[in-house]
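Sharing a structure, written as structure tokens. Questions coming.
By written order: A, B, C and D. Residues from 1 in each chain.
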Amino acid sequence: MRREIPLIITFVVGVAFVIQYFIPHSPFDRFEQLFSDWFFIIAACAIWLGALNLMKLSLIKIQKRRKDWQYAVVIVVSWLTMAIAGFAGGRDFQTPGTAFDWLYQYIYTPLSATMFAILAFFVASASYRAFRARNLQASLLLVAGFLVMMGRVLFDDILFGRLFENFQPLADVSNFIMNYPNMAGQRAIMIGIALGIVSTALRIILGIERSYLGGGD
Amino acid sequence: MHFDLGVWIGAFLTLGIISFLYKDNPWYKICEAIFVGISAGYWIASLFWQNLVSKLYDNLAPAIVALFHGQIQYNLLYLVAGILGIMMLLRLIPQIGWISRWPLALVVGATAGLQFINYLVSNGVKQIYNTIVPVFGPVSDAGGIPPVATTGEGIGNVIILIGTFTGLVYFFFSKEHKGLFGGAAKVGTWFLMITFGASFGYTVMSRMSLLIGRIDFLVNDWIRGTFG
Amino acid sequence: MILRYLAALLLLLLLFVPVVGATVADEDFVDSLAVDTLMLARDAARPAPASDVVAKDTPNDNGGSIQIRWSPSSDDAAGKVFRYDVERKVAGSADETFEVVGSTPAGVGAVTDNHAKSGIEYVYRVVAINTMPPSAGIGEPTLVQSYSSLSKSVIASAQWFNTRRTIVLIFALVLGALIIYYISQAKAGKELFIRKIAGLEAVDEAVGRATEMGKKIFYIPGTQDMENIQTIAGVNILGRVAKLAAEYETDLDVPVSRSLVMVTAREIVKEAYLNAGRPDAFNEDMVHYLTDDQFGYAAAIDGMVVREQPATMFYMGAFYAESLILAETGNSIGAIQIAGTAMPAQLPFFVAACDYTLIGEELFAASAYLAKEPKLLGSLKGQDVGKGLILIVILIGVIIQTLGVYDFASLFSVPVD
Amino acid sequence: MGFWNTMLAVDRRWIFLLVFLSLLIPMFLGVTFKLSISPEVQTLYDTLEQLPNGSTVLMTFDYDPPSAPELQPMADAAVKYAFKRDFKLIIMGLWPQGPLQAEISVREAMKDPEIQARNLEYGVDYVNLGFQAGNEFVIQRMGTDFREAFPRDIRGTDYSEVPLLKNTKNFSNVDFVFNFSAGYPGTVEWVQIAVDRFGVKLGAGNTAVQAPLAYPYLGAGQLVGLLGGMRGGAEFERLTGFKAKATTFMLSQTFAHAIVIVFVILGNIAYFVTRKKEQ
């Protein structure tokens, strides 16, 4: 029973969400929005499981004085600070001037912006390694990447801008690659993904792929 | 000299994260721990107010009030969502934790159903539609098909056709990549490589901008703001 | 041209009215001449009524909507129409008041009334309206209007099938039938050939290497939640990898960024350890939550990677910009990396930084491939036949389109609402 | 040959350092480029110019701090421009952190002495509706009634009690929508719902990664204009006359690109030279 009922739920809900697309009549017309809301509600409950897990592991680390336990203290303290500021702030917890907003502006923002920014370094080092003409395939990768990169910056303006009006050969080549060969590859990938998802979704709805439900007990 | 606590904290955290690029160190570890704690706290508070309160309470409470006045409203359905959420939390009690499979089954079922359709439409049928274009001409105008504007566009259309075709051949799983079929699959991989190269080259600029933003913060907000 | 004459005419009238000294606002003092002038002006400005008003239920919708079309007033082209108002009332009701439900500028002959109640019979009429500039006594521009005859009565209703989506239904049925057919074939014991997928062949070796080196395996099931099917594919593959890890007795670490994924992944890993005959080696905290935040999660993983130096890293699921942050850090410590995603924008980064990358469809085939269960493999065969059909459709389509005799592509258009 | 072998196995931290320097040094040079203006930026600006003073403009901030370096400069310029033209500004976000980014732009604009002199008042001249979860469904709801999607503004005031919103029921009361977008939900959703179903006039600012997805809508007229990435921001700054960060940063960006390109070339030479030697 512990496995059958979930399988039945998956089947019924899965089929219902496939056919709702074709049926404009109520109640099917409301399914998509309703699921979006329900999912957000379930996820908002579930996040407590994750947060408690994070706290549990951090506290164990501190208690057992494992390596780097001091940083676990930092995790616990900063989690509590942010969560308390958020809950105490009430509905308007994000209003400028609140404690939550201050933490957001001066701690959260620089951290996430910097983490995103170090991508610039990684893009540089990855392209140094990957853009190398080892064989035909790698050469195609290199040439396409190189040409598109050249067309994206001011090189046209610098190299040709003073000579000719509206002469942008690098940008033109770059656009051609983006619009045709790149588009072709993207389409093949996209159509393949559509087939893969259709097949995976069917396996899930039919209960053939059921490992996400775990074991029988 | 002008001291701004927020800016100094920002600079401390920014440099801490960047220091990781040299090697792992206590400074980075502190920043990482702060980041994990602060962001986990941020999301739990946000989801509480924006999902549980805004979506569950605000929809359900008026419906329940109306129920006491004898009206049955559509929004009473949110009660089910509330119950499913609580079922999820029952994970915390190991003996009845299995009940959390119900909401999970609902989420997985709905996702499978929705994405089956969404991808079939936007990644499947629409892409097929976009690919079916004349490569030149068209010969007759009986069908009212818009003509191919330039030779460049015609060549481009042929490239798209070949690339899409051979690319899809590459994805065949149940046929060995040998002979003509294997040749087509090989051409398909060439197109995939060009695609990867082009998308990669395309993003380099965008990523550089992000780093410029942080360097600007360090140079202008922090150093010039404090000392200059 | 005509507009200019009209304007001149109105201007003349305007000059004329004060000369006569009439005050229209105060009706008691209006002398007959002024009234006549005003009437004249009104008649001159009044447009001919719109005609042929047709109201019909909006097709393919959930009810509550009626489409109204009409032929424009014969004065429309001459610029004598300022706008059209569409009015409705309940058919046959004694109440003769009409309610405005929409309006359009001149030159437009269609409006959709989205506030009709399903099941109620309505009639519509269209009002052609022109403006008259302010004249003496009337401080504001006045409106002159003429009414069309009533439309036939109409009822808004909801439909049970959206005919514009028929092509999608055909695709869904054909692909579904193919996949189910080949699954049943496989179930019946028919041999199926599946070609080698390099990235998946390498899974064994990658797990084996971690065992030899005595180091951990990191498995990252994407950074999105369970409402993304790539995540579901990612956790399904996790089941296969976890079973291998259990058999090889290698440590597995699954840090996740969503709580629902944590719950699901735990079930899967537990089951895998059970199937491998090592339930005792399973520990719930092998699967642990870090933070929902995209970059907070990436920062934490980066730290874990350089500190714990895993021998093998898997990235299977949906990723955004964090893909390269993770994969470059994994690359820098020399881990074997196998990635798989259906996010086209992130594929190039995985290709650049990982040893093997499952591209799009391969991610969804992976769980079936690794499980080697006939039922699952059958679905791959079904997919392939579907792919073959699509290739044929595209080829035929391009030929017909190039010949130009018939717009074949239009069969595949799915109009937006 | 030693040099090329070293190049091939170069520690990636050297690359990091050079990228960092190539971005840093141009900031002190103070050189700016005279940028040519792309047509899609020009049309966006022209459309804004044609709006009468005092028009109602909705700005939707659909991004978060990590994407701010690309989008904040254009948002800053747009908010300043709106205030100078006395536009009634309604701010919202489909990303949780978007409306907070808008607050940064507003704060930045208030530093401008000319804008300060106008004594703009919250709730009368501009309002921030905050964030609402639900992605494209929020836009859908706004089509009927803004208040249904945003019962309260970011400060918790009831929609009906904000003076600026008294006469704003839905999109038909808005003259222009300006969307700053870093992904989903963003420009694509605004086009598909707000433009296609409710007929709003829409201009957009996108990250460089997102911009190509929006280009088809420009051609079809569903978007009046588009600012793509930092370069789009720089061009918009030049047109509005609020030259700020995007303009000064274009040089850094070009330098960094050059460094990457040089590295790729050197890497390939090293690869061929060392391979030849092995043979």
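Convention: a residue touches a chain if its C-beta (ideal position, glycine included) is under 8 Å from a C-beta of that chain, and two chains touch if they have at least 3 such contacts.
Just so it is clear, the model here is predicted, and its values are computed rather than measured.
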Going by the touch criterion stated earlier, list every chain that contacts chain A and also contacts chain C.
B, D
Looking across all chain pairs, point out the one with the most C-beta pairs in contact.
A-B
Comparing each chain's Cα average against the average over all protein Cα atoms, the nearest is chain B
Farthest-lying chain, centroid of Cα atoms versus that of chain D
C
Between chain A and chain D, what's the gap in Å when you average each chain's C-alpha atoms?
20
Inter-centroid spacing, chain D versus chain C (mean Cα positions, whole Å)
23
Cα centroid separation, chain B vs chain C, in Å, comes to 14
Could you pull out the residues of chain D that touch at least 2 other chains?
12, 16, 19-20, 23, 66-69, 96, 131, 133, 208-209, 212, 253, 256-257, 260
Can you list the chain B residues in contact with two or more other chains?
17, 20-21, 29, 31-32, 35-36, 38-40, 42-43, 46-47, 50-51, 55, 88, 91, 101, 104, 107-108, 110, 112, 115-117, 119-121, 124, 128, 131, 161, 164-165, 168, 171, 192, 195-197, 199-200, 202-205, 208, 210-211, 213-214
So which bits of chain A are touching at least two other chains?
18, 21, 37, 39-40, 42-43, 46-51, 54, 68, 91, 104-105, 108-109, 111-113, 115-121, 123-125, 127, 129-131, 141-142, 146, 149, 152-153, 178, 186, 189-193, 195, 197-198, 200-202, 204, 212-214
Name the shape of the chain contact graph, picking from line, ring, star, complete and other.
complete
Chain D-touching residues of chain C, taken from the complex the two chains share:
294-295, 320-321, 332, 345, 416-417
Residue numbers of chain C touching chain A in their complex, please.
60-63, 158-162, 165, 168-169, 172, 175-176, 179-180, 183, 225, 227, 229, 232-233, 235-236, 239, 256, 258-260, 262-264, 266-268, 270-272, 274, 285, 288-296, 298-299, 307, 321, 324-325, 327-328, 331, 342, 344, 347, 349, 351-353, 359-365, 367-368, 375-376, 379-380, 382-383, 386-387, 390
In the complex, chain A touches chain C at residues 18, 21-26, 29, 39, 42-43, 46-51, 53-54, 57, 68, 111-112, 115-116, 118-119, 122-123, 125-127, 129-130, 141, 186, 189-193, 195-204, 206, 208-209, 211-215
Using the touch definition from the top, list the residues of chain B that touch chain C in their complex.
17, 20, 23-24, 28-29, 31-32, 35-36, 38-40, 42-43, 47, 88, 91, 100-101, 104, 107-108, 110-112, 115-117, 119-121, 124-126, 128-129, 131-145, 161, 164-165, 168-169, 171-177, 192, 195-197, 199-200, 203
Across the complex, what residues on chain D touch chain C?
12, 66, 183, 192, 196-197, 209
